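All chains are identified by letter, namely A, B, C and D, in their written order; residue positions are counted from 1 within each chain.
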Amino acid sequence: MADERIKHVTMPKWGLSMKTGRITEWLAEEGETVSQGADLADIDTDKIVGTLESPEEGVLRRIVADVGAEIPVGATIALFAPPDVPDAEIDAEVAAAREKLASGLLEEVAGPTVATVEVDGRPLAYATLGDGEEVVVLVHGYGGDKNSWLFVQEKLAEGRTVHALDLPGHGESAKDVGDGGLDELARAVIGFLDAVGVPRAHLVGHSLGGAVVTAVAAAAPDRVRSLTLVAPAGFGTEVDGEYLRVFASAASRRELKPQLGKLFADENLATRQLADDLLRYKRLDGVDAALDKLVKTLLDGETQAIDAASLLGSTSVPTVVVWGREDRVLPVANAAAVGERAEIRYVDGAGHMVHMENPAAVRDAVEEAVRRG
Amino acid sequence: MTDTLSTSVAYELKPEALHDAYRTMRTIRAFEERVHEEFATGDIPGFVHLYAGEEASAVGVCSHLDNRDTIASTHRGHGHCIAKRVDVKAMMAEIYGKSTGSCHGKGGSMHIADLSKGMLGANGIVGGGPPLICGTALAAKQKGTGGVGVAFFGDGASNQGTTLESLNLAAVWNLPAVFVAENNGYAEATSSTWSVASDNIADRAAGFGMPGVIVDGFDFFAAYEAAGEAITRAREGGGPTLIEMKFTRYFGHFEGDQQTYRADEVARARETLDCLLRFRGRVTETGQLSLETLDRIDAEVAELIDEAVDEAKRAPKPRAADLTTDVYVAY
Amino acid sequence: MARTISYREAINEALAQEMERDERVIVMGEDNAGGAGSPGDEDAWGGVLGVTKGLYHRFPGRVLDTPISESAFIGAAIGAATAGMRPVAELMFIDFMGVCFDQIFNQAAKFRYMFGGKAVTPVVIRTMYGAGLRAAAQHSQALYPVFTHIPGLKVAVPSSPYEAKGLLTQAIRDDDPVIFCEHKALYDTTGEVPEEQYVIPFGEANVVRDGGDVTVVAIGRMVSVALAAADELAGAGIQCEVIDPRTTSPLDTDTILESVESTGRLVVVDESTPRCNLATDISATVAQQAFRALRAPIEMVTAPHTPVPFAGNLEDLYIPDAQRVVNAVKSVTSWER
Amino acid sequence: MGDTVVGIVANPLSGRDIRRLVAKASVFPTAEKANMVQRMLTAFGVVGVDRVLVGTDLGGISAAVLRAIGTRTPRDPPWPEVEFLDQDPITQTAADTVNAVRRMAEAGARVVVCLGGDGTVRAAAAACGDTPLLPLSTGTNNAFPQLREATVAGLAAGLVAVGAVDIAAVTRRAPVLRVDAAGRSELALVDVCTSVNRYVGARALWDPAALTELYCTFAEPDGIGLSSVPGVLCPSPRDEPSGVALMLCPPAEATWVVAAPIAPGLVVPVGVRSWRRLEPGEVVEVATPRGVVAVDGEREIEFSDAPAPRVTLRPDGPRCVDVRAVLAGPARNRLIQEVER
């Protein structure tokens, strides 16, 4: 009978499609005492390299997964245990874990559950994690989808219900974006809240999604408990118009990939898999038209065409803004437009995809907003 | 009494229809005889196969067609093109390989086409056309346009699998198609009495469960009536028909052919059977057209052909850049 | 929403969705109805391997059964295409091109050029290729290089269900004649395919796997063979970049050249016979345009210059397998000047 | 050995005019005509015909017979010597039949078998003079020649040739209609009809609306073709010297409307204003101002203005063999051999 003081750290499931992960680097050594939340290992999920924060407090007794090896989600990658647990028991536990892995008998790790609701005659898809009174809705940006919250959603879902929504024209939602305007998209989010029977929710929006949730708060303040705006569009005027236009027009990986680099501070995070996934999305009938409309909504020549800042000013919904200092799509200078209306958290070493490059910072911001809401 | 009757007679041609038919037949003849001369001067490149002598067939058939209808032709296709209203000057320019040609000089005599007119192209492959016509007939049937597909082919093609397969498919699918076998007696230099085992191509129709008729291909009125029946039948959903036109071509298989394989039959045909000669005699006897009218048409046609040749000779060649264009719609 | 379906289902779905979307799309082929004109209608085969199953009753009058008469009905599909339809004809086995090739390469492929750019011939000819089913010499060939050789034709060779649906949808919407080559041994393979319609543009290769040591180009069924080899080689510390051109005409040489520029080594895996095939074509292009980048001679893994044998042990030898790819990769990586 | 000669002339073009298209008439293939000739040769061999003259054509009939001769084996029944008449150039017109029959008559043929339709027999009739004719139908549209098995016809013709029968008893001269129009003169064995079609066109007459006048040498109720109109309304037997003349008109203005098989597959209402007997030697002027004269159902002569076409019923047509009469008579015994016991 194994010692219950031995704790397993397993390969996390970051996003729906993640089946396996590869440890690219261990950030702690065997025997080291690790505090909960400390960086434990870098993991390559094919889509992106992410950092696993230690779920446990204590001594890292044994590293089970070697660097470079392909490990299925749910498989043991490390063991934590107090120093007084004998090595023999640890060895036995490792052997057992390896056996279990070899036999392929891993319990299916519950990822988010995906569902769709009908809003204004168009199906909207969303992924849900957790279960709780408090409801958080995550709204992605232009060209993104519900999976872009892969490093954020799981943690936020502890004791809460967290929905990650696919906006119209994105992900698995209908590709019809109507006039593609901010109001249209805001109506979709409100419609979504109605459809899932949520009177009030904490809204989190990235980029275009940031502008959308701001518009929701302005249109229906009583439905919104708090706002977390991650590199939101509609603040200031600076924008990399080329990124938006090429993203919409690119038909091949060679055209698209260079643009994707602009999303991150560390360009290596723009993997080929990310490009291929986006191409698969862009090839769907109706997506070209949707993106074209959204570009028209977002851009006026080389400057931003929407104004979310004044919308935000018109509400008193508690708000926290997060911005990557190395954002090349919506430069951080735009944050000035937030003024005194909300707390702004600047994140070093992060680009436009703050929630991927520094998920912890985004989670903390959400927690803060939720606390105030 | 007889006059009230005559108005209801099938295939009674009004003077303007005769006028048009004669002009078209004359245009084909003049076009071919001129190409014959010009080819001898060495100005015209490549292979050229002339239709002279067979005019009644193309015109007798195409007089019943409009732009809904499609035809597929053969390597001896000039007559079919003119009968289906392809622009004569563009045709001449094409034969000279000029950029103003029907195909911008990239097709030549054997590939003149104008799909906007339902002319699916002369065809360098013996037996290439009939399957295509099954397709255009199928399209007409699917779209319910009432269109008919007509495949012209020669006695040589009558022995090709593609032709026999197409006759079968057209019968199986009950397509609005008409197969016109132009039996001019020779596949290149080989007599059809030797190469066609059934001797009469029309006999083969019975094997496909469709009507087959033999028509004097030198007689416009015979061709016109037979084609009219077949085309009407096809339009009304009656299915395909095989018509065999029997006649002789006036020139060799291709220009430069010494025709050692045949004797004086051409001279005899020209004197006694020629479709234009007989047409003139008969329409003047019935008083439907006057000799003056016919001569005026001849003169106008001669002028048109002169212009066509002059313009073709003066027209620019294709640009070097055209070598690689129009291989694909997009690549 | 993506779900896992088979290569066969992906093709069937592409046909059904395009027929739904565009009434000009018609389907014709042998045994499409299955005993047309007989009670057999009621259990339409959907072609000899059931790829079009269900369409016959779902689209009355738009799925035509044909006699075994390839010249006539392939030609008819081509003719119908010139007359405004978008026909998809099924040439049961690619080996049967021999009885209808004139209509394909002298007619369909030439119209646009020889008619001076005035013809549009949006016909798709779906056909089965490939060895592995013990079907012997006349039902097993990989003849896509023959079509690839002909200007005016486009040639797609899908390697997976996702590719099959996206490339076929593109083929049907494409305004040029397309030869769509389906590997008969792939019909029951499965993969994630979106329910929604999508198109994969022609001439855009798919980098199936990243790797810095060797570029491995593989087409059709050979893609999975190359991936198996790449997995084994990864164990030995050799990282292969596996590229699936997806279409042989047009061919995405840029992606291949880019990859070779970084790896300096090329192995081409092609199920067709070795003379004037895709392997020789790609090798020549790379030798010509990326010579300086090459650090080792190019390796080609192809079938032998023989007909496809019947006996199982011989056919297994005939078809390129992962071991031969592994050997080829090892020879280019171990090559020293 | 003696030299009993029979002629066979076969028209390769008969039996495939536009009626095949407008009225589902059947095609009579060349191959079958060649087979009929061969079946006859076998019959000739049995009754002792020495020599058979066969006309030549480009349609493939004579060629097929030549091939057949070349491929005979000892097990095949003996055939007479076959001689092909290839002296005249082949024109692929009725002239070929005329030339062949004339040479047969000159060569002393005792009987000429004529394979074809009314048109073929008509051409032969113009050239055979006194030589008996045995017309054999190779079409579905024939009023004059009978549809008979060639073997049987061959036996009859053979018996006539070898002198086994009294020619006068088994043959009779058929009356003919002579028509003179537009400077041409034609013979009709069954009927002459005027139509308002302006042109000969596809030859056949299948549009009753165009018909104006009809003259027949005979009219039988079981006949096919235009003569079936009087055949139904006012029959006139073959063996009577007189014929019938009818004025036709649209059903609306007609005295009688006759539903008659004016062509295979074509039973249409034909309006008749009046009819009368046509006496031998009688000359009639056609009343139709312009149009086409059809002879035995096929448009032949385009005419307009004066002089109006003239139609004459003449008794001196071709001498035709009555197959039934031949085989019913004593000649039959030539086919019987008493077996001694």
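The rule is simple: contacts are C-beta pairs under 8 Å (C-beta built on N, C-alpha and C of every residue); 3 or more make two chains touch, one makes a residue touch a chain.
Computed from a predicted model, the values in this text were never measured in an experiment.
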Drop subunit C from the picture, leave everything else in place, and list the groups of chains that still touch each other. A | B, D
If I average the C-alpha coordinates per chain and also across every protein chain shown, which chain's average lies closest to the global one? C
Specify the chain pair with the maximum number of C-beta contact pairs. B-C
By mean C-alpha position, what chain is farthest away from subunit D? A
Averaging C-alpha coordinates per chain, one finds the centres of subunit A and subunit B separated by a number of Å equal to 70
Would you mind pulling out the distance in Å between where the CA atoms of subunit C average out and where those of subunit D do? 65
For the pair subunit A and subunit C, the C-alpha centroid-to-centroid distance in angstrom is 38
If I count partner chains per residue in subunit B, which residues reach a count of at least 2? none
Pull out every residue in subunit A that's touching 2 or more other chains. none
Drawing the touching chains as a network, do you get a line, a ring, a star, a complete graph or other? line
All pairs of touching chains, please: list them by chain label. A-C, B-C, B-D
If we count contacts the way the header does, which residues on subunit B are in touch with subunit D in the complex? 1-2, 4-6, 8-13, 193, 198-200, 202-203, 205-206, 211-215, 219, 221-222, 224-226, 229-230, 233, 241, 243, 246, 282, 285-288
What does subunit C use to touch subunit A in their complex? 1, 162, 166, 194, 196-201, 204, 206-207, 210, 254-255, 258
What does subunit B use to touch subunit C in their complex? 70, 72, 101-108, 111, 113-116, 120-121, 123-125, 128, 130-140, 142-143, 149, 161-162, 165-166, 168-169, 172-173, 325-331
Which of the residues in subunit A come into contact with subunit C in the complex? 114, 116, 125, 172, 175, 251-254, 272, 276, 280, 283-286
Given the complex, residues on subunit C that touch subunit B span 26, 61-62, 64, 66-67, 69, 71-85, 87, 99, 102-103, 106-107, 110-120, 151-152, 154, 174-176, 203, 250
